[in-house]
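Quick one: structure below, then a few questions.
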Amino acid sequence: GYLQTRYTEMLGGDEGINLWSDRSVGDQNSLGDADKNYLIRRARLVFQGDVGDRLSFYIQPDFASSAGTTGNVAQMRDAYGDVYLTTDRVHRLRVGQSKVPFGWENLQSSSNRLALDRADALNSAVRDERDLGIFYYFTPKGVQARFDEINKRGLKHSGNYGMFGVGLYNGQGANRGDRNDNQHVVARVSYPWKFAGGQFFEAGVQAYSGEYVPSTAAYRAPDDVSLTPTIADEFRFGYDDERVGVSAIWYPQPFGIQAEWNWGTTPGLDVATNSIVEQDLEGGYVQAMYKLDHRFGTFLPFVKWQYFDGASKAENNAPLNEVNDLEIGVEWQIAAPLELAAVYHRMNRTNLVTGNRAGRIDYRRFEADALRLQLQLNF
Amino acid sequence: GYLQTRYTEMLGGDEGINLWSDRSVGDQNSLGDADKNYLIRRARLVFQGDVGDRLSFYIQPDFASSAGTTGNVAQMRDAYGDVYLTTDRVHRLRVGQSKVPFGWENLQSSSNRLALDRADALNSAVRDERDLGIFYYFTPKGVQARFDEINKRGLKHSGNYGMFGVGLYNGQGANRGDRNDNQHVVARVSYPWKFAGGQFFEAGVQAYSGEYVPSTAAYRAPDDVSLTPTIADEFRFGYDDERVGVSAIWYPQPFGIQAEWNWGTTPGLDVATNSIVEQDLEGGYVQAMYKLDHRFGTFLPFVKWQYFDGASKAENNAPLNEVNDLEIGVEWQIAAPLELAAVYHRMNRTNLVTGNRAGRIDYRRFEADALRLQLQLNF
Amino acid sequence: GYLQTRYTEMLGGDEGINLWSDRSVGDQNSLGDADKNYLIRRARLVFQGDVGDRLSFYIQPDFASSAGTTGNVAQMRDAYGDVYLTTDRVHRLRVGQSKVPFGWENLQSSSNRLALDRADALNSAVRDERDLGIFYYFTPKGVQARFDEINKRGLKHSGNYGMFGVGLYNGQGANRGDRNDNQHVVARVSYPWKFAGGQFFEAGVQAYSGEYVPSTAAYRAPDDVSLTPTIADEFRFGYDDERVGVSAIWYPQPFGIQAEWNWGTTPGLDVATNSIVEQDLEGGYVQAMYKLDHRFGTFLPFVKWQYFDGASKAENNAPLNEVNDLEIGVEWQIAAPLELAAVYHRMNRTNLVTGNRAGRIDYRRFEADALRLQLQLNF
């Protein structure tokens, strides 16, 4: 498992802001009893093993989850079994709660990511990246070997989710029950090339489709009144929720570049009519990075630009989520079990954390700068 | 531990129904954001060990429990120590939260049961089968050996809860505090015979007595109004809660039959007067099964009929629980770590899941058919 | 880890009382669905290890925590890494959620304490003894060896929190986000002497300072009305929260004595004005004990007197907490993994558990006697 402890120093910009994905970002005017100083972002323990040559299991709780107002309770992230249809592990079924194969960065472990959080554009596709269902993965032996090699060289691979994968899942996100009889369906192809000189390049395409039922709650509307969005009767059992995305990763040997983009349809709040409607979405990110092996450790400087013009269906009211952020940072692998990351983050985005507090309109756009630090322990 | 993933297909009958014990049963008109498609029913990890020759400990959390509206949090199932009064383990005290020795099926692990859920008639005796207290178990060495032999032969034993057991416990069920100064007391005798030809037969009798304090909440009464039941002052510290039951198991070598029945007194909702009163209860089940060892694995077809005319004290308002269900299914042990079960379930019972929703009367009787699937991973 | 199961028998005094730190104390007139009979007070599992010679990790969830009304869920206690600045472990940083080095008894594990609960006077300094931050500990090799020796002799040491320690932390207590931009700062010195004849004596001094933001909720005020305290605007981002304390431990070889006292400033409820204000606090405890090694095991009789005139900032409304309690008990270490403790507890204190129930004024002073039993399993 691993443990991520964070600390954020606000450098300027608007006050009282929140970053939904990291509660340590903000100041004492922020909503939601944010962790203005230290925060344990993730505390993961992994229980895994092979049982015979036909089954592997993987149980990963997170000890930094919340239940209502109670902090740091253990909640399931992964709980699945891999059933190997062939003992060479080329064909397998994954049953239970696991990552949905949509987006390379979504599949990459947070313990491997350079940026502190995933880009909203693709991360908004699946709440907590995971859902409950059944997935089939096809990984020829040559591709298995190549995935392994990328990973062993410290190039921060996404893990083996098949050269080809297809799955059926509930569609409401991790640890949530389904709310309609519809199932989401997803498919993904990803292929790793190895060029002369050993350079790896991976490219993929993925798509999913289903019907999503958003939750509603009171929020502070622009004229400082408390409103709860309406859902038209035709959408009672869900809005169209479908996306297609492309991914390309030139692994950092030593210079790397990584980019993903997706387009689709999503439920999203229309503040003007106070109703949730079907909306188009578009967005992605580009990241450049460099891997420098030094006697003081490995240094990975990076710069990441992300853009999103869509909505966050998994938050109450499916609010619009407009993002145009820049991150410049460096990860220092002091030793195998110890990583320190420092990131300058220039945010230009909407605030997804809602408080429904008089005088404070929800879902406003803000600009702010922050210095974000993370110490990660791997064990 | 083990992991149970389920999927249910409704085949017919009334719409909008719920099965309290399995949220994957139902359709999108069901109450309570049911998991209409996939569900992780149980995700258990066991931490156990011997410390010296006088103590064993057993800690079993479940990672598929809910806290309020937060899904898949870790909640304790077992947390106890066995203190061996004699090192031959004939006499022992079990202290902490553990299964209450009432009902053979209640004691059998869910990972061993053929039917997907326990029969309501005996399962309603103890919430989550467990409570907090102190239990004494007496198991002569010959009986220890016989219990072990039944288990090792794959005959799905209940585990060793003594040839004789007696205990004191809070009485409100697992993970709940007591609500009166009264303690529940339970006693059980179970004896395994081994006949010529090696056929095992086990029979038992058990009884408990105590005072139970039910919880109340608003529900939708028959005239479509929201009501909360009243509790008369004399019942402020509890209603009589006492039962006696009999059990008989002819182990499947290869044909088996298993039956249990119980009678007693319980708190139960009287809708006519909108009050909780003391009521009689009666019910049980009969199950026939067959064990077929084949080169494709072990197949255990079974048929189970259950009947209950009582109430479910552990649910809010202690509603009436009338059941007359038939299950026909088969468990396929594909390999030791992997079991697939398919069950046709004909339900004729009251809906215990309450929503207090206008136009939808709670606690109504319904009839429905479902095909229920479960994949179980043992590790 | 370890498991503590408790049972309390009330012997006399006022009825309907609660002891905030042990829900098994009280009777059926007590508030909050107390566990009037059996209670699992702590169920701890420890996941720890060294990763290389520069890092140790320590993850300790408790399985007897509550989330809202849901009992026995897993919640984080410790989640930290020790980063050794020098491989002789003289200099180290502890990052994550860990015990705040204020008070010797606070640092001692509950599995080692003779009394069933910590004394309120020092325990009220840090909710659940822990917070999230970064701590530096300095422990010369000679002091490391002496701490180890005290522990190995079964003298119930507090563990190694440095000869000198200093830290920055959020300040709102374990598993809670910070609520202002202020950080708490703590420092502690503790030195163990070894006298001729091998007698150990440890003495320490510690202090912390910060700004604490209390939570408010409705309570039953003296004239039987429901009130919620006001917080003046100047205290919106916190009240002064600072203490200094002294500790002295003459280890039981065989006779021992242990005493701590602290003074400071804290937010506290002023019932007369129904507002939370800054108040002085003072209190501590003195404990005498004896260690008797016998062929039936080790017996540790003890007597503890505690006094507190302060407030409990971590409870809603920061109510006054006045304590003048006497405990006389004995711990019997039947075997290494098994300890039984029996304590006569004479309580004279305010009731911190609030129910806001008509006719029952909150925060009243009470007197009561109880016989408290605990069985502890170590594994």
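The chains carry the letters A, B and C, assigned in the order they are written, with residues numbered from 1 in each.
Definition applied: a contact is a pair of C-beta atoms (placed from the backbone, for glycine too) under 8 Å apart; a residue touches a chain by one contact, two chains touch by 3 or more.
Keep in mind that what you see is a predicted model, and the values were worked out from it rather than measured.
Between chain A and chain B the CA-based rotation angle works out to 120°, given as a multiple of 5. Interface note: chain B and chain C, two copies of one sequence, contact each other through mostly non-matching residue numbers (shared numbers fall below half of all numbers used).
Centre-to-centre separation of chain B and chain C, using mean CA positions: 38 Å.
Across the assembly, chain A contributes residues 61, 67-68, 70, 73-74 that each touch 2 or more other chains. Chain A makes touch with chain B in their complex at residues 47, 49, 51-52, 54-55, 57, 59, 61, 65-68, 70, 73-76, 79-81, 83, 95-97, 132-134, 169-170, 174-181, 183, 237. For chain C in complex with chain B, the residues that touch the partner chain are 1, 3, 5, 23, 27-28, 33-40, 43, 45, 61, 63-64, 67-74, 335-338, 375, 377-379.
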